[in-house]
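Here come two complexes built around chain A, the first alongside chain B, the second alongside chain C.
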Partner chain A sequence: MMYFPLVTDKVRKHFTQYINPESANKEMWIDFNGQPIKWNYPIGVWFDAFCFESPLPWTVTVHFEDYPETKILHCPSKDAIKSHFMSSIKEADSLKHKGQVINTMQDKDHHQLWLGFLNDKFDQFWSVNKRLMESTAGEGFRNIPIKCYLNEKPFQKLVKPIDDTTENWTTLQEALFEFDPKLNFNEVRVITHGIEPSLKTPIQWMSEHLSYPDNFLHIAVINTNTTSHDANQDRTA
Partner chain B sequence: MSNWSGEIRQQVLQLLQERNRKEKGFTELFKHHERLFENWAAVRDENIRLMQQQGGFNRVDKGGGEDKDKILRLQEELTELHRNRGENASQVLSLSAKLTQKEAELSALQSQNAELVARIADLEEKEAQLNNNLHEHQATIALLSDEHSVLQLDFTSLEEKFRKVQIEYQELLQRYMQVKNQHAEVMNKENEAFMEKKRALVQKELEDAAAEKVVTPIEEPVPFGIEIPQIPTVCVVPKIAAHRFEAHENEVNAIRWSPNARHFATGGADRKVKIWEYTHTGIEQRGMLTGSNGAVLSIDFDTAGTLVLASSSDFACRVWSVDDRRLRISFTNRQFWAIFDILATCTNALLNQMQKNGVL
Partner chain C sequence: METVYASRENSLFHSSIAISHERKKESIRQSTTLRTNLLKPLEHRVPHQSIRHATSTPNYVSLLHPLPQLRPFSPHITDSGPLWKVYGNREQIGDSYLKHTCVKRLADLIESDSNTESQTEESSSAAQLSQDSVETELESTYCKTDYLVKCEYHVVYSVSYSVPVLYFNISHANGSLLTLNEVWSMFRGKKSLITDADMWSTLSQQDHPVLNLPFFTIHPCHTSRLMGTLWNYSRDPPLSYLITWLSVVGGRLGLKVPNELGLYLASPEKPEGS
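Let's look at the complex of A and B:
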């Protein structure tokens, strides 16, 4: 997974040849179908949440002018992305283990996580990340770090891996009920990572295996009555 | 968690693979596009550079004919210098080749020289040795010649002695011969005298005998008869055989006429004694006497002609009777295993004696 500013260097270099030289130094921003893409979302998450029905390849428009200040944040540098990434991880860990695991890690472990993520090095990343994915057997995490994208808006709620009432593992379905009790599963599609897992999948398992590198589950709920892109899209990154 | 994580994992894996399959095509396309783009950029840059270069050259061309001439001249000089350098290099190579050749020849000659020196040394050694040998041989030759001369002297002296001794021997021989001659003469004389005497005696006896006319000789058994030699008057030598016949299978060892002058007996190595009769028609066999175990060596008849006595090589003598051809008696004498000759007198006497004693 990636964030947009990490991969758009070449794009910027290519396009600066063709644009007005004065605009070349301005910050580049991307939009899809009129909607500017926020850079702090993983690329896949944005696609799943907002454009899942659109045909591949995903065509976006690059702008250099008229940066929409109100809608998206500025991204001054790569370090901004790194700090955003690390804060996501810390938040996830505090949900899972009350922050104990991330606090026992040193700076070099944090750096290793970032480098592994940045350079697409699976082993480097996961050698640190597996510590964050440990859970006491039979009990799971304290809370599941999960972001749900309903109606084009992200929601975050506390979700417990084990149902208090039934003493079973919480399924995806039950977790989504937390966000929207009136959710009609016949009308929506539940998507994460571009796939549609079974609704009976336990959330604990999903959190361990289907989290994004920032240790969050990003689940998109897409309304299937309207295939237009301003429909509700839940995306789990 | 583990019991259903397996199937969930399978399911999720399948979904992910499905997603990848759909989206994969685009990655290839993008990569290809990127490569093309890069190539295009590189080519464009190259192009710009070349254009610039060419532009630069064009500018230089317009600059000046003078410069061109200078450049040409310099280039010519440069080429000439290059050629000279090439020639010098080739010269250097040839000279170095010659040098190596000469060095090789020199080393060869030096080695030859060394060899020859070594050979000279060898030869000198050999010469010294041969000289030594020569001296030794000469010394031995001198020695031998001295010995030879000494022996020569000895030889001459011995020769003289020998001659002297020979002369003496001749003299002695002559004297001996003389003495012997004298002896012989004496002996001859004596013999003649003796002979004369004897003749006279014999003559006298004959005269006496003729006068008496009484003859009664008594035969005495004499084992070894000594016959008085009679003076032979007529000599007849039979030349042609009257009859020739095979008598025995093997050798015929003994033969004896019977006293009746018609029969004779033969004994052979086939252990048989055969009796033959000599008639006017020829020779006929009258009988065969067997019983001897060895070759029959000697036969004799008795004076009557009725008995045959034979000796054989089986240490025995046997007596047969002629008429019935029966073996009468056999006796052995181990000391004399072959009795080669039995005289008539002996036989007769023996047999007479035996008859008297009742043995036969």
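Let's look at the complex of A and C:
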């Protein structure tokens, strides 16, 4: 249940008891530390990229007035979420297979992806998604669908699964250099799904196994002011 | 700790993932079921053929850079500068975009052919009702006057699809944006056969890739196929790709490409005064 609007029905029901009845039907939005949260980011990605150091449970503020429409997308219905989700999947497949897999699927397969995701049905989702994760053995995808969050801003660059110079599988570290060639790995933490994978992990493998349901890797790069000795152990290239 | 090994003949090649047990999230459930299908070693890899087979679209530089050099051809535009300006870091594909802003009458954006129909409107099937009521409200409130809106159009190159993508916003004088329904009615017209389901996969809000702010956008997944029928890599100049594409996607969104531009492309000399 990756996106906020899919999980906030109960929140809305709870708060509508306490607010001005005129506002009860208005579009709800959420902020953390004064910054409106973009619902089109997977929930965990926002947390990793913007407030990773925050204590859990994550405390956010709910609003019913003054929807900041110049900063965050509207979410008028579940169709908006489905549209966003499916277009991410299409874009990911365009990067991986020039769109050939997603375009040869029927509408019912697309719908099954969405329903499997929406209703948290692992097998239903993966029975279709596995086709999106196929690649020629030894070659990987054409490009890796990856979004990198640097200084709280998302970036997308073309990343190849096989590194041109080393002729080997591109590592996470090499992939991140595409986004910022001057990245100093002693001063940052690299987070996805709330964990810190080894920088030597092949990005092709990460794409197949650590992508979010939208088929993208979402990697947060967080600046640290001080780094402990232990954190440095597995980090150097 | 769970570790996964993929071995090559000469070296051990491992990746390890520590999964914090306090942070069990449904979203990583599928990735924790680590598949045994490991990355095959690279010895037998067929090297990628150099991917420069004839591309169906011009590359980024030839595609977007000529556009700002066009002088305004429309007699309605008094600004003597270029119609389109480049913003951001031109050298980086993902960091720059073209922008064109203008002010229009909202009545002009809602197609004039549907305006005449609206005067004699008979509410047809139930499916049309929601479309009709939205447009009637727009028309009655705004379209009878010279009510103006600000239009902003951006062209950004998509590295995922290798095509240009149109992002746009239309805002009232007080800064509030046109709603999705209003933009849809602009795009598909009044008695349209285009269903809401189709519209969701054609036109919706997304974050602008450079500015990271909400814009409406036309989904790019069909652009390549569409342009394949209209433009030929070996025959037509890159600039005509952009003009053709703009007139197709922008046509229903108030972005009129002046006829003079077509004439300019057809003849090598520039028109007088430009």
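Definition applied: the second predicted complex is superposed on the first by the 224 of 237 C-alpha atoms of A that agree within 3 Å, B and C clash if a C-alpha of one lies under 4 Å from a C-alpha of the other, contacts with A are read in each partner's own complex, and residues count from 1 in each chain.
Please note the rule applied: a contact is a pair of C-beta atoms (placed from the backbone, for glycine too) under 8 Å apart; a residue touches a chain by one contact, two chains touch by 3 or more.
Worth saying up front: this structure is predicted, and the values here are computed from it rather than measured.
Touch criterion met: A:Ile195 reaches chain B and chain C at once. Residue contacts after overlaying the shared chain place A:Pro57 against chain B, while chain C stays out of touching range. Between chain B and chain C, C contacts the larger number of chain A residues. Contacts of A:Trp205 after superposition on the shared chain: both chain B and chain C are touched.
By the touch criterion defined above, A:Asp180 lies against neither chain B nor chain C after alignment on the C-alpha atoms of chain A. In the superposition on chain A, A:Asp109 makes contact with neither chain B nor chain C.
Touch criterion met: A:Ile72 reaches chain C, while chain B stays clear of it. When the two structures are aligned on the shared chain, A:Asn40 is found in touch with chain C, with no touch to chain B. By the document's definition of touching, neither partner reaches A:Asp31: not chain B, not chain C.
Residues 56, 138, 169, 193-198, 201-202, 204-205, 209-210 of chain A are contacted both by chain B in one complex and by chain C in the other. The touching residues of chain C, when paired with chain A in their complex, are 6, 15-20, 22-23, 25-31, 34-35, 38-42, 44-46, 48, 94, 159-161, 175-177, 179-180, 196-197, 200-201, 204-207, 209, 212-214, 219, 221. Listing the residues of chain B that touch chain A in their complex gives 1, 4-5, 8-9, 11-12, 15-16, 18-19, 22-23, 26, 29-30, 37. Looking at the complex, you find that chain A touches chain C at residues 1-2, 38, 40, 42-44, 56, 69-74, 76, 79-80, 82-84, 86-87, 90-91, 94-95, 99, 120, 122, 125-126, 137-140, 143, 145, 153-158, 162, 167-169, 193-198, 200-202, 204-205, 208-213. Those residues of chain A that touch chain B in the complex are listed here as 14, 56-57, 138, 169, 193-198, 201-202, 204-205, 209-210.
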